[in-house]
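Got some structures for you, see below.
You will see chain A twice below: alongside chain B first, and alongside chain C after that.
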Partner chain A sequence: MDKSDLFKFCLRLGDSCLIMAHRQSEMCSKGPFLEEDIAQTNLGLDLLGQAEALLIYAAKLEDKGRTADDLVYKRPERDFYNFMLTEQPNTDFAFAVVRQYIMALYLDKVYETLSNVDDETLSGIALKALKEISYHKSHLGMWVTRLGDGTHESHERVQTAFNELWMFLGELYEEDELDIKMQHAGFAISGDEMKSYLFSEISSCLTKATLSIPESIYMTTGSKKGIHTEYLGYLLTEMQYLQRAYPDANW
Partner chain B sequence: MGAEKLEVLFQERIDANEKIEPRDYMPEEYRQHLIRQMSQHAHSEVIGMQPEGNWITRAPSLRAKKILLAKVQDEAGHGLYIYSATETLGITRDELISRLHKGKAKYASIFNYPALTWADMGAIGWLVDGAAITNQVSLQKTSYGPYSRSMVKICKEESFHQRQGYEIIAAMAKGTTEQKEMAQDALNRFWWPSLMMFGPHDSDSPRTGNAMKWKIKRESNDVLRQRFIDKTVSQAELIGLTIPDPDLKWNEERGSYDFGEIDWDEFWSVVKGGGPCNLKRLNHHKKAHNDGAWVRKAAAAHAKKQLNK
Partner chain C sequence: MVENKKLIYRYLSEISDPEIPVINIVEMGVVRDVLFHGSKLEIKLTPTYSGCPAMDMIHQLVEEKLHSKGYNSVEVTLVYKPAWTTDWMSDETKQKLARYGIAPPLGKVASKKTLLNNEHVSCPQCGSKNTEMKSMFGSTACKALYVCKKCLEPFDYFKCI
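For the complex of A and B:
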């Protein structure tokens, strides 16, 4: 395995975890009730831990003297490779739940594959993360059901969240050259497999929640080349503020 | 058994340092005092999430972000324990929150000050949690069982919080000139409000009498405040920061620090709602609660449908 390929692979995955962790951390003190406030930020903490582990490994693979913090705080938005889905804002509780639910499905499959690779660092990260993500899947899946089946308002809100976030799904099974290389090395499943897994899981969850599969008119593409929605710039501006304002300081 | 006799027996149990449990007899004033104090404590934990939550998205390193997020989560967990402990007194969390929103229940005034720089995360952990621990260690021996047990659990986490805050401010105090200035500025702004956290002088604290008699409170405001000052001054000196009190000096005879007079006008103004962030903190809590109403309704509706299946 080419080190620079593995670096990019870890960076992509690490970036998605990082940006989701940030979005989840924004929910702190804003939960619908205290128990769920704790649960939602806990999802964020798990993702932050996964991001940290992946980015520490990425920095090591790159071997150019950058640390994980350098990767987080000193890259401009065009050099971030997280999926666009992960940067979508917490428009309401339903949007956050749907975003995280879809990503939990995705990560579960990704970590399952990585837990078997011949790379001790990555398989170790994946094994630990799998336990966390399996809880995310179950917790968020239950919320999709509750909201879909709950009241007329919650049904409408969660259906709207699925409809509006649907166009970001395509990136999760889209393939580029690096993905193909990673598949050949056994580090990833094919785009087709991922697509059919995601559609099957989501369909059965939506049916249970009395929701409909959204119509697919357009799927975004570009995050693997550092193209994002307009939300990412604001998120990074906030996240990187101290490091950018005081570049000589250690915290 | 007559009410008077019951009260005598109750006081005997208190005097013998027995814990009072939810199903035990307790005078109505004791129950009401606990509801007021414990709910104020729970609200403080929850409102206290806001000033620090304000910096989670701007934390300057992955490590700092992880620690701060975990810490604020701990505060939410503390709120949860204490709300649950308060519910054992026969009141619901909904009612407690409604009292908070109506301005009938208070929370610690310290959270009505803004968290303006990253150094404030240090000052809050070091001073605010430090003051809270001083108070809570004493409360571990409080006479009401559920409250006492929640304090034991909470104290373990709070000492980690204080170290986390001290680590932030110590790193900044030995950092760049700008970082040092931020650290000193944070100490300047949070020192006096931290001392106010212990409440008015014992002579001006009307409820202290009953609270001490019932052993809800084990030590007085002034005793606890002095203990906090005595342990904190050397921590400031160690990292080269100056306590913003020209009257602060060691008193050999007392074996304690003498210190300047607290601005009690400011204290009472903030208690009564006239502080920089009173409105913001309460509005934030109300907004989160109101925004979450449809989620709570959905969860309840789904649970009901499941039961009827």
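For the complex of A and C:
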């Protein structure tokens, strides 16, 4: 395995976890009730921990003197490789739930695959994260059902969230040169496998939630090349504010 | 330097878990190994959860404790494998948790599927099994929030992981 490939692979995954964690942290004090508010922030904390572990490893693989903090605070938008889905805003609670639910499904499969690879660090991180993500999957899946099979209002909102976020699903099973290399090394499953896994999980969940599968539409692409929706810039502005205003400020 | 693992473990067991003060970090299973490299002492720790905010503090407490015992060169390293599990908690540790008011993890984490099945959590206050989960995530990521339907007290349940 080429070190620079593995670096890029960890960076992509770490970035998605990081941006998800940030979006989740924005839910703090916005949960529908106190217990759920605590749950939402705990989900974010798990993701932040996974992002930290992955980015520390990425920095070590890169071996250019950058730390995980440098990767988080000193890269511009075009150097982030998180999926566009992860940066979509918390329009309402349903959007936050649907976005995190789809990503939990994705991460569950990714970590499952990585837990068996011949790389002590990565398989260790994955084994740990896998147990955490199984709680996310179950908790968020419960919310999709509860909202979908709830009131007219909650049903409409969660259906709208699925419809609007659907076009970002394609990136999760899209393949580029690096993905193919990682598949050959056993670090990833094929795009086709990922697609059928995601569709079967989501459609059984939607059926249970009395929701309908969104129509097939145009799927976005680009985050693997650092192209993003307008939302990432605003997110980074806030996340990186302190380090930009006071470079290298320390806790 | 005295190369005595047992002694180091004894010092480390004087450090309480920052979030559950009745349990020390050795009982918690966070200390994975103690290694002597010449004049340097290496302590391997593993996080309970990836994002456990207590880890940084534990790291600091370990260094402080060992420095105070005369070990000047201490390196704390983080290991992820094998992944921390509640299975490592001894029965005695679980009893301490219960006495403290936290329902201890039930059963063993044999497979991923058993993780989420904890239907008969006993209330640490009155012992009743007539309890209900209010939220899968409690005051910290490692706990779930329950309510006892008999004594009506809310309590934390330490999730199996």
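Here, the second predicted complex is superposed on the first by the 250 of 251 C-alpha atoms of A that agree within 3 Å, B and C clash if a C-alpha of one lies under 4 Å from a C-alpha of the other, contacts with A are read in each partner's own complex, and residues count from 1 in each chain.
Convention: contacts are C-beta pairs under 8 Å (C-beta built on N, C-alpha and C of every residue); 3 or more make two chains touch, one makes a residue touch a chain.
Note that the coordinates shown come from a computational prediction; the quantities given were computed from them, not determined experimentally.
After overlaying the two complexes on the shared chain, residue contacts for A:157 are found with chain B alone; chain C is out of touch. Residue contacts after overlaying the shared chain place A:128 against chain C, while chain B stays out of touching range.
Of the two partner chains placed by superposition, chain B and chain C are both touched by A:48. When the shared chain is aligned, chain C comes close enough to touch A:138, but chain B does not.
When the two complexes are overlaid on their common chain A, residue A:223 makes contact with neither chain B nor chain C.
Legend: residue contacts after superposition of the two complexes on their common chain; A:113 is shown touching neither chain B nor chain C. Looking at the superposition, the partner that touches the larger set of chain A residues, chain B or chain C, turns out to be B.
By the touch criterion defined above, A:82 lies against neither chain B nor chain C after alignment on the C-alpha atoms of chain A. Contact with chain B, but none with chain C, is seen for A:239 once the two complexes are overlaid on the shared chain. When the two complexes are superposed on chain A, the residues of chain A that touch both chain B and chain C are 35-36, 38, 42, 45, 48-49, 52.
Across the complex, chain C is touched by residues 35-36, 38-39, 42-43, 45-50, 52-53, 120-121, 123-125, 127-132, 134-135, 138-139 of chain A.
Taken in their complex, chain B has these residues touching chain A: 46, 49-50, 53, 56-66, 69-70, 72-73, 76-77, 79-80, 83, 118, 168, 171-172, 175-176, 178-179, 284-285, 288, 291-302, 305.
By the touch criterion stated above, chain A contacts chain B in their complex at residues 22, 25-26, 28-38, 41-42, 44-45, 48-49, 51-52, 55, 68-69, 72-73, 92-93, 145-147, 149-151, 153-154, 157, 238-239, 241-243, 246, 248-251. The touching residues of chain C, counted against chain A in their complex, run 47, 49-53, 79-84, 109, 112, 115-116, 134-141, 145, 159, 161.
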